[in-house]
């Protein structure tokens, strides 16, 4: 059943990132960690209407998207732990999860850069006549990067099977959206390209899923791109450790009160028992995954220069 | 009188570029030459409402803009001839005319690149509290470059005193606009940034001037940027020597029939005698300028490495 | 074996690859209906159709990014960046994305894209259309960079690039665009192999791309004067053919590198550095790097001529590394 | 003279320049209200107001272009590109515009802009936040590039950059962010001058930026073992201080360059090339260039540690260029 599946995805992301946050705080993880806690409905709603063959690119804040697309939380945690059995052999960390089996072309640490890469997935589907679509996630801050406008234009001109999903969480690092963008909705940026666009409540997973279904159907039937703006909020800082001087706890609390998991509980009747079970299951799954990942062998020093080239002939 | 002044500017550009075309055909000029014959009304109309202190950036097709801003045709021709007395000492050629005395921050051979540079002029005016505005010219093909969207956004956010002038001549090199852009008007790209925009007949110099006046007034009074689309057409190829297989002579003839100089003659009464005199004067002025420029000393070989740095201390 | 112009040999290679592998797609500014800004893609749109050969808007970053994604998704995209000078606009996608995807994904992905670009040096097109920026891509782990100096190499390197599983930048020379040469049938030039254009015993003269004819001319002139110059055309700038470079210098004991790029951060700087560090014992004289002055490229043909190293300048450098008595000869 | 952390010394320099010249303006992502992504612009917005200190959107190309135009129009803009890895996004504006404006206009314009950027190497932030791309700007005629390795130099070079009439790229090191040192009052470090961090007689060890402490440590360890290493901190990567480099090598006869950048197209490659071509006679052994392997930067700290050259690796290279009997000592 859809609501249960969606809840499960959100709960799993929530548990995964809550665990990651704890692991970072306790010093078990290195590097930068950008969490999407509070934004889970976007990942869950959009990816629910995708199959494993569909392409996906995401950002520095991409754990949720990858998990919702079907990524194994154990191998994702192993990657965060820099373990050899992580998605990238533990060598790339939080910001670069990629998996051909799931169509995940990659998370990305360069703001905006994943967007044209997703175009390429869509182009391949179009050229090869495959019924795949591509979805690219990006933040509202990324809309200031020129390459996104170039990509909207290209997608529109070639009627590429792609869905642009903007997670508008109100901030780019420590700076509020009003400093970055004049438009009151990111959907406005789709208009000049004549790309259909919709703005949805990004904390309402059913609304996100419905809008995503319309967009994916459009793409899959050859009618070209769509842009979805999902209005949401991140509960944690830009990265774990962010002092967050740029916002009030009152603002955060307002959004915590609109927890996407709670919203779904309220929107569907009589499933709280199942949801409680799911919460427990996910907590268990992530606890086990953490134990498993922690116990994995570390990224091998000998792997330092592996796979610089597919054809390993360059010194 | 305005119409006479505007006619004079257009006629001067027409003569200048017609001469340049001939000089290129006869082998006297080197490099690439991109002419704006047929588009003169845009340069004349816009620059007529600017003063020498206002900033301007333009493109590979920028002779008209520079002349309309007040550039000396002799020194411009000298630059095309690669003569030492040209605007850039003859060292930069057709695509890089620049002159601080006229606020010309430079023509540019990189599509789109002049646009953010003009923002800088506008920023300086704003910071220093000077009543200057900046105008940036670009083609409709350049609208596909991301940096233009970044620049629109920045200008809107900072309410910069700038006017974005898009000369929509229907082609980018050998490819028609429909291959580059989905929007039916370039003004659409201004909307998401909440930048006022107007589309005008780019062959009607009075209409261009009126729209430019509104835009410049807005900028000068602190109300921020405007985008103007001027719909026009280039009679010559993308560059001199272009075989132009991508369009019909019928199409060119249609636009030749809408010659901006003729349009002005039709739109104002009783000035044909003056206009004829102006035609003759401009022909004479350019003929003399050509003779002068040709006779100038060539760009000095010894200047090869001059001015790489302002402080010439690097070897 | 056919006699072809440089640009025709490129056109042939593209046609051959589009014909033999339906995963090959072509896109870029003016590459479709117009047949390429300089003719290299003539006829390909009508032959292979608009799904596989596409005109794109002027969006260097996005079209390169699209090529990256398409390559990851199973196509063999060939994207064109009209001038090498515009590469900075595509460089994030090239250096931060294409080059790193295989490494980042621990080899789960590869990025078999080919990026063709045109070095406008010697066209008289001025400082933003004449730069030799080959060292930028050639310094990025994960990329490969090649540059043919003959129609045969332009053809054979391009085909090898398209067939290669890694991202390859293929540079083409305005300077050589209309030069003619034999192109063997089914010609493919393996990436990473330099070639001796002229054997010699006194001095190794390293060059590539548009510089090769000037280096050959200098060598011929010097040969007539009794100095035997070995002309080594790198063809592949990344990876460099270090064994062939060292082998040549081990025989000659003398090295001159001639390039159209300015010195700092250049491929020629690397060649000198590699020989100095790995072939020091073989060097019988200080190596020389012949470059333009450290300045942008001026527009006027006479200044551009003075700017780019010419035969006489190269010959003078060769003479400088020779012992006095022979050099004078 | 005050004891300051590296980032505080940067903050001091910005405050001083904003205070002494009202043409100085600051902009970039998070530089205003947040006080900079890493604190370097703390307090400046409130002190100098939103006209002169601005938060910008994430638009590296446009903000760099805006800085170019602003500099041409009489301001002294200081623009921040958050990580050196993002420089490609700004590179057209930097290399094709800022660098060429003076040349193209025959000196009618100059572009006194300062571009500050942050090298994230050693932060554990992975392959797109850890690159040492200093050679790209340092290879462009018309630009200057500096990189301080101490709080005093970070301060004094930044001020010199802001006062300089030409476009200057100022790199700052994550690795050194919290290191402490004395900063003399009114300190200004002239662009283009290297400094001897430790005098020595046996080997010249060239380094810069985040590498300097490791080179100094290696030199100290070698000194204890009887090898006298002269540590030369370049500080300025463009222009290079060729006289000081050659002078040092003329005294030591031996050269090792240690860098966090990969080898091809690097500043270290240039240093070796310059010494090989201009100081060949002084060289008593093959020079060495110590670099990471030719690969992207891995994320895990142990792998990153293995990737970047450490003290022991540098010391080993120094020993290799020394005659056997001394090196063993």
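Order as written gives the chain letters A, B, C and D; numbering starts at 1 within each chain.
Assume contacts are C-beta pairs under 8 Å (C-beta built on N, C-alpha and C of every residue); 3 or more make two chains touch, one makes a residue touch a chain.
What you see is a predicted model; the values in this text were computed from it and never measured.
Of all chains in the assembly, those touching chain B and also chain C are A, D. Following the contact convention of this document, A, C is the list of chains adjacent to both chain B and chain D.
Taking A-C and A-D together, the pair of chains sharing more C-beta contacts is A-C. Annotation: 45 Å between the Cα-based centres of chain A and chain B.
One finds 40 Å separating the Cα centroids of chain A and chain C.
Here the spacing of chain A and chain D, counted between their Cα centres, is 35 Å. Put simply, the C-alpha centre of chain C and that of chain D have 30 angstrom between them.
The set of chain B residues touching two or more other chains comprises 91-92, 96, 108, 110, 144-147, 150, 153, 157, 179-181, 303, 308, 314-315. Listed for chain C are residues 56-57, 59, 61-62, 85-86, 89, 92, 96, 103-104, 127-128, 141-142, 238, 294-296, each touching two or more other chains. If you sketch which chains touch which, every chain touches every other chain without exception.
Listed in rising order, the residues of chain D touching chain C in the complex are 85-86, 88-89, 91-92, 94-96, 99-100, 103-104, 127-128, 135-136, 138-139, 141-142, 238, 240, 262-270, 272-273, 275-278, 280-281, 283, 285-289, 294-296.
Residues of chain C that touch chain B in their complex: 29-30, 32-34, 37, 55-62, 85-86, 89, 123-129, 293-296, 298-303, 306-307. Within the complex, the chain A residues that touch chain B are 144-150, 153, 156-157, 179-183, 188-189, 191-194. Per the touch definition, chain B reaches chain C in the complex via residues 30-32, 82, 90-93, 95-96, 108-112, 141-142, 144-146, 172-175, 179-181, 245-246, 298-299, 301, 303-305, 308, 314-315. Residue ranges of chain A in contact with chain C, taken from their complex: 55, 57, 87-89, 91-92, 96, 98-100, 105-106, 108, 110, 113, 115-128, 134, 146-147, 150-151, 153-154, 157-158, 303, 306-311, 313-315.
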